[in-house]
Every structure is written in structure tokens, then in C-alpha cells.
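Next, two complexes with subunit A in common: one pairs it with subunit B, the other with subunit C.
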Partner chain A sequence: MNIAAPVRLPAGKADLSRQAEALRPTHMNAQPILRVVDLKKTFDGFTALDSVNLTVDDGEFLAIVGPSGSGKTTLIRLLVGMEEQTSGEIWLRDSRIDNVPANKRPTCMVFQSLALFPHRSVGENIEFPLKIRGVDPALRRARALELLDLVRLPQHYYGKRIQQCSGGERQRVALARALAFDPEILFFDEPLSALDFRLRKMLEKELKDLHQRTGKTFIYITHSLEEAMVMSDRIAIMRSGRFEQLGPAEEIYAKPKSRFVAEFMGEVNLFRANGNGGTVSFEHVTVDPAAAAKRGLRPGFSGDLMARPESVRLLKPGERADVMATGIVESEYLLGSRVQYLVRLASGYKVTVELSRENRVTWEPGQSMGVGFDLDRAHLIQEA
Partner chain B sequence: MERINQRLGVLSALPVVVFLAAGFLAPLCVVAAFSIMPQKVFSLANLPDFSSYALMIQEGYWESLLVSLAMAFAATFILFVICWPLAFAMAKVFGRFTLVLTIGVVMTLFVSENIRLFGWVLTLMKGGLIEGYWRSWTGQSFDGLLYNVPVIIFGLVYVYLPFMLFPLAQGIAMVPDDARQAAFDLGANRWQIFREVELPLSAPGIAVGCLITFVLTAGAIAESKLLGGRAVIVISDEIERSFTYGQNWPLGSALAMTLIAVVGSFAIFGVTRIDLDAIMGRKR
Partner chain C sequence: MHPSNVGRIGLYLYGILILAFLYLPLVAIGFASVSTSRYLSFPIRQYTTQWYAQALESGTVSDLLWISLQVAAIVTVISMVLGFFGALAFARYQWRYRRLYQKLILLPIFFPQSVLGLALLMWFNAVGITPTWHTAIIAHLVWIAPIATLIIAIRAYSFDPALEEAARDMGCSTWQILREVTLPLLMPGVVAAGLFSFLLSWGNFPLSLFTTGADLTLPEWLYAKMVSGYSPLVPTVGMLSVAASIVLVAIALALPPLINRFTRNSSD
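Then we have the complex of A and B:
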């Protein structure tokens, strides 16, 4: 069986035009490139991965997000072939690859540490996968220079030592090296986590841009939700070895399937339903019965009412909302274009309210203030 | 302050300097001086000539030097090949078992080299362990396994194994795991990972290990005497005999100086090409 990476020789100019031609929406040919079936991995009785199923479209940018220990690193190591699964299957297009060693899989990974070769120059690092395939030195060099261009590094970096490069430059070298391999799928294991905030923000956008220009399938692992939201088409939330939810960023943010996802996806106000028969009611807040009925809330609903801080507003005296409560403003945080208030309700629960800066209010410590939101801006998390 | 530090530095280095000058440099100078004395004199108060060096070439002593160097090369190469997997396992695979192995290997150094070699003589000689058992089981006899060049090289490999093993393990420990994994992920096979990543990144350990074993084996004498018998005569043996049995100090000195020059130039070539700071862990 030979499913080694299709040795597309770096064909100089032709290759560049291929990349230019790849300036197209990412889901043009939405055919699954990767299929993961019931993938399971246990280490000495500990289940790191508990039957994961996943289908990734060709050209997609998928982010896998989860807290540390959720199994995301195990998953990526199985997918690139550095670990062997306990059971399950991995399919790349029409071939099963889970029994193929990493060096024969047409996939490659950008490591968290980048794993650049310190004894090789920038150019030699980028050329490494081509050298391994026995590509002619002149062609190798031409391809490396093209890739330097693609990752926005000046051509004279070709001969530079890795130790002379800054953190951001090393990221680009690692990326160029992975692209030189010309993988079917490019994996990322939190490569930006060690960078400072500004550089990270910049590289996130560049990576997204690069994804669009190359048209390759990117699978990106991170514990940072923001990173995932900025870059990816779809996000998978992992929790103790399983996918908790998988979908477009917007859907996961606005319509989480569980409290875990809701809380993981940033700040959130959650109100648990009271289970006491007759009417619909939630902890800490009063809900207008008419609005609840209109929203389809029946007595006996069990689960949570969720409102993101930006859906909640501070009520002027006499103003009404579907869901209301009164509390004391505890603190105000300026977030630049936004401003956040922490309001402590009588029950002790703290509601987070986020307004745009123009709507900033004047308040005094200990001042009583009404908070509320309408049900059409809230989300109901039905308990499983 | 800096001047005081400097003066203190000179003062504290003084004892070592004196010791090295008296114990190391002075004898070397005496040997160097004797090497240019006429034949068979026991005093430095003679007119210098180069008759010893001429004799060394005419009488074929250089053959012994070549034999020594060839065996040193062979032993160093064999040691590298057999120590690499073991050193790799010690640095990357064994974990806590490495300590047991280290203690085991170091323990062999506690027993004198000659005694260990005599053990091998008893094992390999005619009527020894191997030949004796073979004879009693099959009824056939053979000449024993001693007194040839391969057995001398075997002895060198056996005695100098720790001097290759530990620097190699040290060097391999310096190769980052993810660099190896990245190479594997980028399509390299086992051999390519070795050639492109492990070998260059562990070069300081390799250089130190090869240098130490080469220098030690080039000057080794016990292996060829005890295991090799009269099969070949190594250069150290010639030097020893010139000073003792031959009563020709100038010849012995000339041989010694030549050996020092040859091995020393190899050593200097090696040392200038490695980064000792890196292997001592002072920088990455």
C-alpha cells in the first residue's frame, strides 16, 4: 500500500499560480477529507479518548478546543500517527490510515514547541521535507524562497540561523516547513500559545488568511476560545475525551448544548429552572409568564436559561423586560470599546452585563439597579 | 575590585600551575630533549642530532605506530556502532533502569584492567573455559582464541566501553524529542532521522566519546601484551622496551614524541570542532 504524500514536486511558478487560484471560499469542494470513526485511546486503564466521531470537509478550518486533559492533544497525536489508537478507524479520503506510521501519512503538524532544527538554517529547515524526498537542491531552494514569500518573511532569511529569529519569525518558519511538506491536512498543536498577545492576534489573522490562500485543510488545537473563534469555520468542544459539541463558532457561542459549553465559551449568566410544578420559574430572576408562554416554555422545563452579558441590559426606572431582577452594582470594568458591570442580586448571584461604551451609565456604590433581558435574546439549555 | 579579583585568580591558579609545570610539562620537556640526543646516551649534555627519528624510520618502528593507530581507529569505530543503540536507550528509553546500567558499567572500572584482561585470557586460551568445554563436549580440540589482532581489538572495545558510552548518552540526551518527532512527521525514516537530526545534534557527545577512546586506545598496551601475545607489537610496547630492555632512551623518547604529535593533532582537530560548552549544559 502506498498512500505516501503525493510527491507534488515544487514546480516553481506553476505552484504559485496554484496558490493564487486557491483564493476562493473555503467550502467550494465540500467533500470529506477526514473521517474518524469511534476512535478510542486508553493509557493504562485511563480513557484519554472516548469514541470520537468526526468528519472534516476538504479545505475546512476546524478548531478543537478544550481544557487541558480533555484529550485534544491525544486526538491530534493519533491523527498524525504519533500514537496508536486502542480502537476505531481513521480514514483519509478513501484510504484507511490508522495503521500507517506518521512518516508515511500525507499529514503534518506544527508542534507547540515548533520543533525547528536548531542546527539548520531557516532555508534548510523549510527544505527538510523536500530533502527527505530527494528533491533536487535547486528546486528545493526555489520552493523554500517561494514559501518564505508566502509566510511573509524576507528572502534573505534563507541563510539565517534559527537562533537569530524572533518568536513570531520562528512561527512562520515552522509554518513554511509544514507547507513545504505539502500535506493533505495540516495540524496545529497550540503553536501560538507561547507568544505575547499582540503577536498572537496578528498571527491568528495571518493564519486564517493563509488558510484561504492555500485552500488546505487546517485542524487547529487550542485551549483558547478566542483563537478558535477568530480563525475557524467550525469548532469542536472537547471534554474528558469526547466531543461535547461540534458546530460553527456562532452556533456554539449562541446555542450551547450544555452548561459546560456555555461556560467554556466565555462569560455567561445562567439561571437554573425551578422544578416546582405549576408555573415556569427560574432561580434569582422573575420571568414574565406571557413572554415565557410565547417562547414555548412549559411548566416542568428542566434546564438552564442562558444570557450572554451583551444580551443583558441595565434597566431604567420603570423599564420592563421579559426576565428581570434587582441588584446592587458592584464594579465596572472598562474593556475598551465595551464596558462591563457586575451586579449582585439579592440572592447573592452575580449577573454580568456588557454594554457598548456609548451606553455607559453613572452609578454609585451600593446603588440599587434593575437588570433584565428579553427571552428572544436568551437561549434555553435543555437538560439531557 | 576587578584588579583584586584578577590577582586572586592568579594566586588561586598558582598551585595548579606549579603542579602541572613540575609534574606534566617538565617530564615532557625532558622526553622531548632526549628525543634529539645521540643513540644510547643517558645524559642531556650531548650535541643534539636526529638519529633517533632516522632510526625510527629505518628500523620500521613506524609500523608499530601504524598498527596502534589502525587498531585505535577500529576499536573507536566498533565502540561507536555498539554504544549508539545502548546510549540511545539510556538517554531516551530506559528511564530509571539507566541508573542501574550506569552503576553496572562504572563498577567494572573498580577492578584493575589487567585483572579483567586475565579473566579473558583464562576464558579464551587453549585449555581455558571455551576451548576446554568445547573439547569435553565434542572431543575436538582447537588452538584457543588468543594471540591475534581481532582479540586485541576485542580487548580494547571491552576495556574502553564506558569512555564511549557515557559521552554518547550525554550527547543523545541533548537531542530534543520533538525535533526527532517532527522529522518523522515530515516523512523521514529511521535512518534519515539518525543522519539529519540525531547525528548532528549529538555531535559534541560523539566527538568527546570518539576522542577519548581514540587517545586511550592508541596508547593502550595491556591488551596487546596479555591477549595478543606476540601477534603485533604496538607503539607503547616499543616505547617501553626502548627505555627498559633496549636501554635506548633517545629512541624511546623519539617514539613517544611521535605518538604524542600524531594523537595530539587528532585531538586538537576534534576539540576545535566541538562545542564543549553545549555538552556541559552551559548553553543550548
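Then we have the complex of A and C:
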């Protein structure tokens, strides 16, 4: 556990593109620990995994996100050796491991159900991988107590029964057990999904902190994008057995490669290019030609113009923006530190606007309101 | 009186009646076994323990007890082993002919036991095996092993397959998974199955009647004595048999708390 802690930059939405660039080389002494080459898996003619290629750096925290049925669970099961691939290769550092059985691979997984042994105490659960390896009982116990410390559980939990632990405590026990195994790569299969919101938020941050302290490589599967964004260095978005996009969280959030990723990565306003004639125009909105030209938008562009709700603002009378439209405020949602407005345009399209709470506006039902955003805060999704 | 109280008293009376219906016959045999008279009649004029003394001294009775005990013990051990692996195939693993296997396993339980006993006897004759209490073990197993399988399968159904996967992921071989995870988790089911196997074999009459040959088990002897040549030892031997069952059940009930206390002490 003496691998240098990876370098991370503070998050913030101020300058997305610059941060995305800065985050790209994720680690100082990055060298691939895992290499997946053209991995395929079919079940009775159904293609669960369709040619996945992936390189993971030593010490990286990678999140694999996708809707259910996208193949993320199949991928992780192949990587830890619980399923056999139809074709392709898996390399761990310099050795090929795709034909090594699960119990001989130096990887470990935290299961969705946690898979804690109900007939063993907390301490016995944590010691389990060491017991299997034939480690001396006294050493085992010492290591288990150390790990209890690491996952912030009191020492007297050693003798507790699993049934006496709360959901959050069980998460920590499962994590400690996986760390006792001391794997090259630690896999997570949505272990937080069953917890309530507050506890989940807390554990997400702890997990990220633990990743930094241990310097281990974490590969985390989740269907929750927020979870992935909070914790990981890079995010892979999966769709029908393939990686739709792979990159730093900021990049995927700000510069999605497809409508699917844009919509999957949270709330978004998308305007399709009309692409007819010699002008640049999009559905529902008017675009300032000069700004469009400056942005490099040429007539004939086909794809979508994307603006996240926090990039759109409510325009004061007479105020201008590169992209504008007029609509009627339909509803307002308070999100704590943020406030969201749903503005229905004349075409029926609903624009979501998100402001910080200080910028909250007063509005009347049915009141006409201008919405707009500048092109440097928007992203263009080129149609493939 | 409040109407709900009437209802409650009625319910208690009903419960007592049911219990009396279940246990009075047994109590009657208990009295018969300590009465000096040859046949049971109330009131009992004089109490005695002479029948118990006779029974315990009698070579026949101790032979009976010994044969019944051997049959039941061997049936219990084999049923537990067969039931354990059978239950894994029944409830835990997905395989091609699982549904067919599940039905076939259940079938012997629904067979009338006397028909099963007769069929086995004919089969033993055809193969040329002379029936003794050894063959009775096989007959008992045909009927009891499926029951043991079912009891353990109930436990195996509630088993999270991820536990075995996690064990493998952490380096366990197949044998280690069995020893460290599967067996300890199914153990309560295995113990329950063992208890049932013993009691079902110990008290079994129809299968034993056809398949023990010249040997006699306890229930067979009781039946034989009732049909011809009643002996005052009949209620006594019957009570001894009931006592053995009660002792076994008591041990089984006392065991889990004892094991719990022991393991808790050792882990602290």
C-alpha cells in the first residue's frame, strides 16, 4: 500500500474544458495495470458484451456507468473471473489472466449484496481471505483490527455478529474484507445502491478518501451517475455492451459524444440542427449568426446543440445571448442551494434552467420570459 | 363478562381439548405400563415398575432396541449426506434436468409406504438378497432421504449464491467453499433433517414390516404382540420408544443455544 497517492484537482464547474484537459493524465506515474482487448461475451446468441477495449492505470478510480442491461455487470464478472469470455483478452500488468480461474486471480470484488458470511463475526469475515491463505491467527487478528481502523469502525466490532451491524457498517466490513485480500484491483458492483440517500453520500466520499489513502486501483460499477462523478477519475458510459464514451467525469459531463451520453449524464437541453439551406439554425431557438460563425459552426452542421441547465439563464428585458428563445415559466423547483425553472417555449419544448439560489427571480404564472445561453457554454454533438 | 374474554376462554378450552385429544392416548399407555394388571383398566389398583425391570433385563427387548437404534442411526447419517448434496442439486444449482429431478425426488414420499415396502421386498427377492435389518436400511432410505433432501432444500433456497462466489473470489477452492461457507450455512437444515430422519426411521412400521426379514424392529414387535400373544411388556416397550424420541428431540432443541454460547465465548 505504498503506491503514491494520485493527484487530484478541486472540482468545480467554472471552467469545465480546462479542467477536463488537466485531468486527462490521471496519474503522475501512470502505467497500465489492466488491459482489456476486444472482450466479447454472448449468452445463447444474446450479445451481452460487444467488443470492449479498456486500459486502466495503476491507482486509478474508474467508474463504469450504464443503464441496467448495458453489460456492465457482465464486464465486471468477466474481469474477476466469474464468467468466461466468448473471445478477447484480459491482461493484468504483464500477464494474461483471462483463462485464470476466479480463485487464482489477484482481484477482489465487493458484491452488490455484500456477500458477508452471516455465520461469522465481523472480525472473522475480515480475516477470511487471510485464513484461506493460511495466515497465522494472531497476525490475522492484528490485520483485521488495523482494517477496522481504516474503515472507521470501532475495534470492539471485531466480535460483533453481522446481523448486529447496520447497513452502513456492513458496507465498511465488506470493504475491510476486500482490503484484507489486498487485491491488485478492487472491484465494486453497486454496493451502495441499497442504502438511503444521506448514508450513500457519506460513504461515497469515504470511499474516495479511502482510494486516495490506499492508492489501490478501484473499478466501480453503478447506474448512478452522481455516484460515479463524486468518486471517480474517469467514467466509462456503457450502452448495449459497448463503451459509448470513456473519459474524465468533467469531459463526459460537458462534452458528451452522443445524445445518449448527454441525456444519461443528467438533465440537459438539446436542440437539433435544422440543417436546411445555407444558414445555421436549430429547432426551438434562434442563434446569433455572428456568434455561430465565431464558434466555427458551418451551414450543413448536423447534430445537436447542448446546454446544461446551469448554462442557461433567464434573460432580463433587453438582455441578449448567443442563443435565445421566449417562453412561459411553467414551474419552479427549489433544490436547496440551487433553483430550477421549467420554461415552455412556443413550440412546446421545455427548457430547464438552473440558477444558484441567490439569483432566484420572481415570476407570475403565464408570464413571458426570455431564456438564453452563450455558445462558449454550450456543446455541439456532431452526428456520427 | 366482556365478550372478548368469553372468546378468549373459548379459545383456551379449544386448545386444551386438542392437546388432550393428542396426548391422552399416550398418557393412557403410560399408566398401563406402570399398572400391575395385565390389561389397562381404571382406576389402577396398584402401581409397579416391574414391567420396566423385566423389559430392561429381557434379551428380546434389548435386541429390539439395538436393531431399531442401528437402523435409525445409519439411516440418519446416510440421509444427512444424501440430503445435503441432493438439496444443493435441488435448490442451489441450475442444471438441465433439475425440474425432472425435483419431481422424481418427491415421488417416493407420496407412494403408500406398504406398496413401497412390498415392491422393495419383491425386488430384494428377485436379486437374491435375503431381507434382514440391513435391507430395511435401504427401504427406509428410499422414503426418508427425499424428506431429508426437502428439509435441507428449504434452507438452501434462502442461500445467497453470492456468498459462494465471494468465497471463490477470495481464493477458496471448491472444497474450501463447501467447508467454509456452504456446509456451515446449511448446517441448521442438516441437523433438522437428521432429527427427522432418525424419528421417521425409529417409528417406521410399514417399510420395516416388509423388509426386515426375520429381524424385528420395535414397532414391528409391538404390532406382533398385539396381533398374537399380548404381553404386559407392550405398553412398557412403547413408552421406552417414546422416551427415546423425547430425549433425542430435547437434545436437538438444547443444542443450538449451547453451540451459540460456545462459539461466542471462543470468539471474544
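One rule holds for everything that comes next: the second predicted complex is superposed on the first by the 357 of 384 C-alpha atoms of A that agree within 3 Å, B and C clash if a C-alpha of one lies under 4 Å from a C-alpha of the other, contacts with A are read in each partner's own complex, and residues count from 1 in each chain.
The criterion applied here is as follows: contacts are C-beta pairs under 8 Å (C-beta built on N, C-alpha and C of every residue); 3 or more make two chains touch, one makes a residue touch a chain.
Since we're looking at a predicted model, the values are computed, not measured.
**Student:** Quick check on the superposition: with subunit A as the shared anchor, is it clash or fit for subunit B versus subunit C?
**Tutor:** Aligned through their shared chain, the two binders clash on subunit A.
**Student:** If we overlay the two complexes on their shared chain A, which of subunit B and subunit C does A:Pro289 touch? Say first, second, both or neither.
**Tutor:** neither
**Student:** Answer with first, second, both or neither: which of subunit B and subunit C does A:Pro118 touch in the superposed model?
**Tutor:** both
**Student:** Going by the contact rule set out at the top, does A:Gly300 touch subunit B (first), subunit C (second), both, or neither?
**Tutor:** neither
**Student:** Mind working out whether A:Phe181 is in touch with subunit B, subunit C, both or neither, as first, second, both or neither?
**Tutor:** In the superposition, A:Phe181 contacts both subunit B and subunit C.
**Student:** Quick check for you: in the superposed arrangement, does A:Val80 touch first (subunit B), second (subunit C), both or neither?
**Tutor:** both
**Student:** Mind working out whether A:Pro248 is in touch with subunit B, subunit C, both or neither, as first, second, both or neither?
**Tutor:** neither
**Student:** Considering only the touch criterion stated at the top, classify A:Pro137 as touching first (subunit B), second (subunit C), both, or neither.
**Tutor:** In the superposition, A:Pro137 touches no partner, neither subunit B nor subunit C.
**Student:** Where on subunit A do subunit B and subunit C both make contact?
**Tutor:** 80-82, 101-104, 108-109, 111, 113, 115, 117-119, 128-129, 131-133, 177, 181
**Student:** Show which residues of subunit A lie in contact with subunit B when the two form their complex.
**Tutor:** Checking each residue of subunit A against subunit B gives 4-5, 80-82, 101-104, 108-109, 111, 113, 115-119, 128-129, 131-133, 177-178, 181.
**Student:** Show which residues of subunit C lie in contact with subunit A when the two form their complex.
**Tutor:** Residues 160, 162-163, 165-173, 176, 180-181, 184-185, 264, 267-268.
**Student:** Any idea which subunit A residues touch subunit C in the complex?
**Tutor:** 80-82, 101-104, 107-109, 111-113, 115, 117-119, 121, 123-124, 128-129, 131-133, 159, 177, 181
**Student:** List the residues on subunit B that touch subunit A in their complex, please.
**Tutor:** 176, 178-179, 181-189, 192, 196-197, 200-201, 284
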